[in-house]
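Paired with subunit B in one complex and with subunit C in the other, subunit A is shared by the two complexes that follow.
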Partner chain A sequence: MSDYAVLNKKSFHLSTGTFCLVIACCATLLLLSLLVYMTLVSWPVWFSPGPWGFLTGTDWNPLAAPPQLGIGTMILSTLWTALGAVILATPIGLCCAIFLAEYAPSWLAQLLRPVLNVLTGIPSVVYGFLGAAVLVKYFEITFNMASGESLFCASLVLTVMVLPYIVSASESALRAIPLKYRQTSLALGVSKPYFTLRVLIPLARNGLLGALILAFGRASGETMAVLMLAGNTMVLPSSWFSKGEPLSALIALELGTSEVGSLHYQSLFAAGLVLLLFVLSINLFFTWFRRDRRNEVGKP
Partner chain B sequence: MRKSKLFQVLLGLMVLLMLAGCGQSEPAKSEPARQESTAQSIKIGGSSTLAPVIAKCADDFTEEYKTWNKVDPKLPEEPIVIFVSTGGSGFGVKSAIDGTVDIGLVSREVKDTEKGKMPNGKIIKMGSDALTIAVNPKNPVIQVKPDLTNDEVKRIFAGEIKTWQELDAKLPARPVVLAIRDLGGGASQVFDELVMKKTPIAKEALQLPSMGALAGKVAENADAIGYVSFGLVKQNQGKISVLSVDGVTPTTESIASGQYKIARPLLLVTKEQPNERQQLFIDYLLSKKGLKVVEDMGFIPPAK
Partner chain C sequence: MKLRLMLDFFWLAIFWAAGLLLLVVLFGILGYLFYQGHTSLTQDFFFSSPRGLPLGAEGGIFPAIQGTLFLVVIAVFTAVLPGLATAIYLAEYAGKSKVNTVINLTIQCMAGIPSIVTGLFGYALFVVKMGFGISLLAGGLSLAIMIFPVIVVTARDALQAVNRDYRWVGISLGVSRRYLLSRVILPQAAPSILGGLLLAMGYAAGATAPIMVTAAVIATPSAGNLFEPVMALPYHLYILFSQQISLEKAYGTALVLVLLLLTLNVIALWFKNLKSKGA
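Our next item is the complex of A and B:
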């Protein structure tokens, strides 16, 4: 009887494992097939202007004769908006995370966390609309700008959008620091601000950096809000306050109206592939950071 | 024992995957009624200029008849379902060819390459529209220089004239804010052909995703200039002012007579011959009631 039960249990484990393996493979296959499909569709583009010309060219008009295919402007705009958002969100997000992990009483933390998570659930078109109605107008009036759309404006809205990711990832990084450090510093009579600044943050450094990298990935892939706020001009952005057209906005704006199979269509897929690979490599980098952090904390 | 269990699970998995694979065709077979009703709805999409007109007509049509048998007694008693979506003229042609929509909306001429892809299709003219050179009512250019030449318009949009002062010394030295449609918009192609004549539009121009957004930008920004559809100017009276080009002010008469040059057709395109229900709706669109909506929304109905 007992023998039977053990056997049964074992086989259950094995079959569950197999099941999960198959499903996991499916998920990986999905990503792979996406990459392969996008590469295949955009294949001709990688030959006619060449990868280097495509990535660094600054003229974009696939409908002109001869077509101009260069997404350098869009790549730069994506970097400006995403980097800007992370720079703005970092101090706010870190302070939030430190408060939640170290200072907030548990009832307050339990109240604040879901509130922050609600921010992730708000559709980005709502953010974009608010930004267009309020921020753009505000910039025009306050700074006497000819038109309020700018990379800065898009960054500002992205800041709010990536904040929850930064807070929750940094908080879990801070919470991963073992209790013994807190106990030791408490026993040595170290003040809490000193402990936070000199012990906690350096120890969680890699985890915190990982959080910022993840936020950067999120920000660079965000579409709707950016489309509505960045201005979508083809000028090479020279500062945070110039206008630009991030990659995601370019695809959203033009893919719907491009003719299937045309060079325009193919080059938009190529732009999508660039964005996908960009976000993918950022995420891989993030995973690598996380693993690194675990090793470090594990050390005595 | 272990093996058989594993086998069972794998078998279950295969069945699951097969079911998942069948997901698309399965419901259609088991629910023929439902499939029929989606096939008999009419899907229309395209030009962001024309879509509101068609949406209004579709509303009126559905409201008036409710079921198909009231339109034509030969048809069964089924509710009328018409979907209208916007997305630009490029989208209109593209999805008519793809079969994503039954009727595509196009607010520019249909290119020969596109016609080649729908040899059995129909192109029906719903009316005409013009692209007006529109500015914000607060802009003093309306008093100082209400008439531009075609060349001036071209130079403004090419970015050669960067501030209003460069256009006329009496105007303030504020930068000109250009508002244009993205490459796929019918308006951008019409404007390229009729005004720019291959001169590239300035890179500084703000690209807006729909004609409505373009009109909104001009209505909001005191320094903006854009090519706003004549219909939208009429719908936003007081919020948008129009400049005349080469001495011709865009009016219903000047556009209909062809005096105002920056004009474009409003078209319905289908890939195949429209089916009975689609034809009934097209007939309604071209009837007095439909054309009145075209007129009410500020466009010019086709000459009879």
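Our next item is the complex of A and C:
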């Protein structure tokens, strides 16, 4: 009897490891199902305008008699805003990271790290709101623009939003550089800024570039700030200062009004899929890049 | 030689300025929000429903606060168990296997999914396919998908930060792995895990894009029914501003939202310090 009970207990025993593995696999499958599901929903779009026509077409009028489905303008807007933000944030972010990793006294560094966390934690809708209420107004008054909303404005606010990502990723890249380089340069009497510029940055080059790539991915997926700042017009953006409608804003604005199952609905999913694949490939590239850097630092 | 010194000084100044700029940006944002928003922080604002014409021009944000809390609670309750289990697997069981690499990569990819795409997926799956409609439940589940990777990463790092010695001692004493995990490692990592959960809650509370297509509406009298739409702070802020209902109330709402997140951040930090004192 007692043997039987033990046996019975064993047969029902599911080890914690197996349980956790099952859950973890489900999570993996969730990402996969997200990809598959979005592909399935958007399937007809890839045939009706064709992938090339969809990606490069510049006319978006899903409710016209033959619906025009081209997200070229939105892709261009997304690239303008995200690239602009990274370009603006790069010098500031790198200098901040260098300050945190090399120059800041420890009490100040300890104060600044929570500051970075809070900056990351402020919701994008608050950034968007402040940008729209303050920056856009400022542009309108100072530069006499009819409306201050522009891709540049969106980039400017995105700059503040991606700054914490750039700083913390670059800082860890800088800290990964072995101490011996610092000791050697100190022993040789090299000044600290010289060491920073000529030794540290070239050594951490890949890690720093990785941080920028990561920030670029973040910036291209951002929704609320660009929705409130980019102006949302369907015109092909001709410069950084023209209005535009990034992919994320397009989806956020039109999903609610699209009829479920219609070509409009499907094409919004296709747009989402494009955005998702774009950001995912940037993320994967970042991972690959980081691994590359690790190997390089490991070498003598 | 002199030029060299000047150049060094120049770069030193740049680096210091950049670091201090972070402080200026943060306190600029917080200070400006407080300056513009503190006048609307009255008792009435916290505890009454939106009134006036257009709706929201007067009155308060009580249903939005309620809705945000409900959304966050649903999201955390849904995501915490799978998140913890995945983290435990990654930190304790996976070792350096292929499975570990794949799952880690997936989690990292999930963390990078743009929030509007999460919303899109939630809309198609929960709102349309499962028929929940625009509802609290659909929004909470979409937010759960969004915060899942955050929970996994923070919990995994917290578990990995637990002193290796405990594991060696446990193994050498012949303690079972499950016992070691539940009685030694998890309690040690608990403050950091809780801190991570609070950050995930803050992340969920501030997210707008996923709920604007799955859960949020401009005004609803009651909150709490799983299958009814809700009001939420971030969406309310968006509407107040974009429909030009009330700039003053928008500043008030933004301030409340940011104060909520600051509180969560401070508690999370406190948890983290608690841990480093204990170890």
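Side notes on the structure shown:
Just so it is clear, the second predicted complex is superposed on the first by the 278 of 300 C-alpha atoms of A that agree within 3 Å, B and C clash if a C-alpha of one lies under 4 Å from a C-alpha of the other, contacts with A are read in each partner's own complex, and residues count from 1 in each chain.
Operating definition for what follows: a residue touches a chain if its C-beta (ideal position, glycine included) is under 8 Å from a C-beta of that chain, and two chains touch if they have at least 3 such contacts.
Computed from a predicted structure; not experimentally measured.
Touch criterion met: A:Phe99 reaches subunit C, while subunit B stays clear of it. By the touch criterion stated above, A:Ser172 is placed in contact with neither subunit B nor subunit C. When the shared chain is aligned, subunit B comes close enough to touch A:Lys137, but subunit C does not.
In the overlay built on the shared chain, the residue A:Phe129 is in contact with subunit C alone; subunit B does not reach it. In the superposition on chain A, A:Gly256 contacts both subunit B and subunit C. Once chain A of one complex is fitted onto chain A of the other, the partner contacts of A:Ser48 are absent, as it touches neither subunit B nor subunit C. Looking at the shared chain after the overlay, A:Thr39 reaches neither subunit B nor subunit C. After overlaying the two complexes on the shared chain, residue contacts for A:Pro62 are found with subunit B alone; subunit C is out of touch.
Looking at the shared chain after the overlay, A:Phe19 reaches both subunit B and subunit C.
In the superposed model, C is the one of subunit B and subunit C that contacts more residues of subunit A. Note: residues 15-16, 19, 252, 256, 260 of subunit A belong to the subunit B contact set and to the subunit C contact set alike, using the contact criterion stated above.
Contact residues of subunit C toward subunit A in the complex are 4, 7-8, 11-12, 14-19, 21-23, 25-26, 29, 32-33, 81-82, 85-86, 88-90, 92-94, 99, 102-103, 105-110, 112-117, 119-121, 123-125, 128, 145, 148, 152, 177-178, 181, 199, 202-203, 205-209, 212-213, 234-235, 237-238, 241-242, 247, 250-251, 254, 257-258, 261-262, 264-265, 269. Within the complex, the subunit B residues that touch subunit A are 1-2, 5-6, 8-10, 13, 87-91, 93-94, 97-98, 114, 174-175, 177, 182-185, 200, 203-209, 217, 220-221, 223-224. Residue ranges on subunit A touching subunit C, taken from their complex, read 15-17, 19-21, 23-28, 30-31, 34, 37-38, 41, 92, 95-96, 98-100, 102-104, 108, 111-112, 114-119, 121-126, 128-130, 132-134, 160, 163, 167, 191-194, 196-197, 217-218, 220-224, 228, 248, 251-252, 255-256, 260, 268-269, 272, 275-276, 279-280, 282-284, 287. For subunit A in complex with subunit B, the touching residues are 4, 7-8, 10-12, 14-16, 18-19, 22, 61-64, 137, 140, 146-147, 149, 227, 231-235, 243, 245, 252-254, 256-260, 264.
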